[in-house]
């Protein structure tokens, strides 16, 4: 199957949720008067981001038989994300997240993921998803936390590799979603054997090699921004030894760094903007990166595109809802001096 | 212990949640732009309602170790509800509810109650709650749906009865919170053996005698407003035979009806108002009823007070957040011709 | 329906298991060379006991889709116990028990009851069991420990009462089968509201009023013989106040004691025999008692019949496998001076 | 650390149980009069087998706080297996298995493994097990079926590889221990990335590549002897491509076959004996093989030793209880013409 014949440019696998963002920036959580109704979940955000960039993006996730599920599907369809791989799971609930916004440094998250639908993606869903018809498979690390999604995700990566489809893992470390935080590293390290590109923040890369629970500290319920102790160089080497093509480290306003197994290290500068909310920036980066990767761009240019998309999102309150469209982001890059 | 010496006027037992109300009345759920952050859960609403009416009200419920829990506790403390019986439950999550508002007849509800904190109230929590120091115990039917709250609630009622403290059961039928909807009736019927006053809508009373699953229909995910087939007269007789002092049937704008074991039936008219949202009206009724009951009023006057409180809430969007204060509701009744 | 028209004389509800008895009496558990393959579970034992006494006995229990289930069904059919109410439960396992025999005072029990089939008896099984066609319903206290069997058992008792069928509760306290040992008492006390006859040992009656976990001590994993502190007189009064017709306390070799709500206390002497193994004696007692009760005998004579059956079983190693036949037990009583 | 300084020759990881063998060979399960009390579980059997052959063998497994756990520990200590890595797990139960013996072709198995202790081996147990002090790590495929043992086993293999300790995987396929039988292959294939030697029957190797549930048929509850359709050559190639040093296929009375990544295929003949019971033969093979492997023997001689041990066990009723001692098995091989 040639790329032109492929049904999907990208399948993103894992979390999807209604994301409820505090409407009062700076308010203590206890006093939030209301929430904007957005959507979220790393793979959902990336699918929307890719779709806005013009790619045929399919989300592989699950929703419950509930109105929140209808809300997600409605949004995805508006965004032209292909939803045929988002089954309605009987007896499970669509994920939800509540987010407080207290810049500069407090963004508490409350996950509603007990018995959630996107964890119920199973082997049959994967077999029916047509992974062999996609040009790339992107998997979220949280999709590996419990069964049945865990085995199903391992199978998805195997199918991709057998069909010579590149696999990207976004580490997506959410500490409270693992029965033992060290299981995150054990499981993602096993998974990386079938991965081409690993994406993560420095904290997430450290989390993938966490040996001692006391290395992790989470303050103010900021699940997406843990503090983790460890040796980042050793962790990076550890990942590169697992057979990946590249490790991309997202370093926030500083841009991204590419690490290759041959020892190459390449810093890719970001685009300076005024930060309103960093949530979703990493997913916008991933979408931009995938856009470039599928065009055959080199690592540097892929990351520049990712950085631009990330920069666009941090100026807004929300994730998928404010990821950029192809024309506007290319114009933005142009306006900032180009790639 | 005399009533004056009692620490609490009322303990309400069961659900507590953040209630997220659609900010766009009439909007399809799929297109809701945002949600007001209120609080809810029948026993929480009743506790707030009682507190605003001047009673010493203690909620017996649970919150997770999360920011939503902080949100609830903060609200309760602002409302002067006694929170010493709302423990933080490790490993569980504070309940949440999302509500769509599509008058006149669609109010879909999405409950986030898997592994929720208020279901983790246990025997020790009840033993430590000081039920013997309260003048009344109010229990929500949903608190009987799973362990450990179920056994704990049965124990709470036993302790109350042993100490000659009246027990009120608000049926609070939420179909999707039971593994088998018929277990609702089986369990509440067993519970009623230790109950003095049963409160419910006609649908809830029918639900308490549901023999066949097909008798229940829920449309548009309106969990709080199921359609149920059955013989209401037989159901009322069934409850009266279990040894209760009175059954109070809430009949919406028509007011309430009192049924007594001796065959007495007494209709208590409501107060006509313009309805914005019926959610929370039943809990306001319960608070008003309890207010009167603890003053020693007769059934009729208790229900009139309940009707007034319910009428007040239906003109607003929200539950506990808009339950009336003592002075304003007494003035309202006065202005409408008195009890 | 007259008694003659009834399909069953007795339905017994609850546990059923393969009981594996040490083949080396006196051996430490660690050195047991082999186990006799018997059957057990209080309601199964009682059903077999009743059948051997000539009654039409139906067991209401569950087996897994496994060879141990086949073993149980085969045994029951050999014993002419009606098995139509013993469904095969997909995804659950037939219960098993391993028993050490170290007379005079150590009989350790190891229960294999996680995800067991007899706990999966549900509301539909009860509705289909034809309880209204039985002359008596016997329920085991362990059948109340978890859902779905608990709600189903409460429903069974309700159906019996509505049809004026006497309900017998054998307390059957097995401490390790309850998430909190105090839930045993809370639940059985609620259940007794629909019970005519309560059967138990002194330890079980104390367990039904356990307020503090430290009151219970289990040594050498003797689940069926806990030591419990408490006030037995108060506990007996507590049960009699719940509306039962009679409380029968099994006192081992000393026989039984009948307690009635009117204050009557009647001691019924046992039959002195040489004790090999006390397991199963209580169930044989229950079978004998039911035999007499259905004949319309008075409490004394019912208990004498029960005592005789119990005495017969303690001379043997096993429960249901050695419960007496009608002729032999009547001859035994005759030989010991009659009722 | 040199081999001489190592604390253990081998750590075996996974199942341990009381194995209850029918005492009446040929009896239908329904009519079994009693059971011999043996022990079992592939890793336990291999540990005992290794210990009898003179190796320092440590079992890494778990037992419940129950008499069956005492039974296992007692047996292991008698056999000089090192038990310091067999923790007592609170709240879990020691595994049990009931086995029918109906030669020539029916050996039904009933596993009691719901909430079993050996599935509760966790990351801390593995970190404390001193894997780096062992000369070899043997892992059972069933130890990968659920959390926490699964993550813990993946970590164990990682630790071994980092310390250049060879890892052997015995596929140990038990279909009813997986929520989806295809998860067995997905998980073991991921695990094999850190494995040196894979051991299995042809059925188990097919199971590791099962794509369609209908390929598997289990008759007469013979969990250890499923029939599986598939392409065995493709499956063997699939395993060899995952980076293992060798795949050893156990072919019963025909002996074993060695497959190497370079395409080498070597058949190693067995020792003809009269078969009483094939259960445990594979584990005895593994023990013999490990014995040879740690002596530095070539694949052929390792397998011959394994074949001899297997042949010894099939003449007996039981697994670990009848695995051979070093001297007797070397004498047996000598008597049959040597390696």
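Letters A, B, C and D mark the chains as written, and numbering starts fresh at 1 in each.
In this text, a residue touches a chain if its C-beta (ideal position, glycine included) is under 8 Å from a C-beta of that chain, and two chains touch if they have at least 3 such contacts.
Listed by chain with UniProt protein names: A, B, C, D = 5-dehydro-2-deoxygluconokinase.
All values derive from a computational prediction rather than experimental measurement.
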Based on which chains touch which, give the shortest step count from subunit A to subunit C.
2
Per the C-alpha fit, the turn needed to bring subunit B onto subunit C (nearest 5 degrees) is 180
Per the C-alpha centroid definition, the whole-Å distance linking subunit C and subunit D comes out as 41
Pull out every residue in subunit C that's touching 2 or more other chains.
none
Category of the chain touch graph - line, ring, star, complete, other
ring
Set of all touching chain pairs, with the criterion as stated earlier:
A-B, A-D, B-C, C-D
For the subunit D and subunit C complex, residues of the former touching the latter
18, 20, 23, 29-37, 66-68, 70-71, 73-75, 93-94, 96, 98, 100, 108, 110, 112, 114-115, 221
Considering the complex alone, what residue numbers of subunit B touch subunit C?
122-123, 146-148, 151, 154-155, 158, 179-180, 182-183, 186-187, 189-191, 193
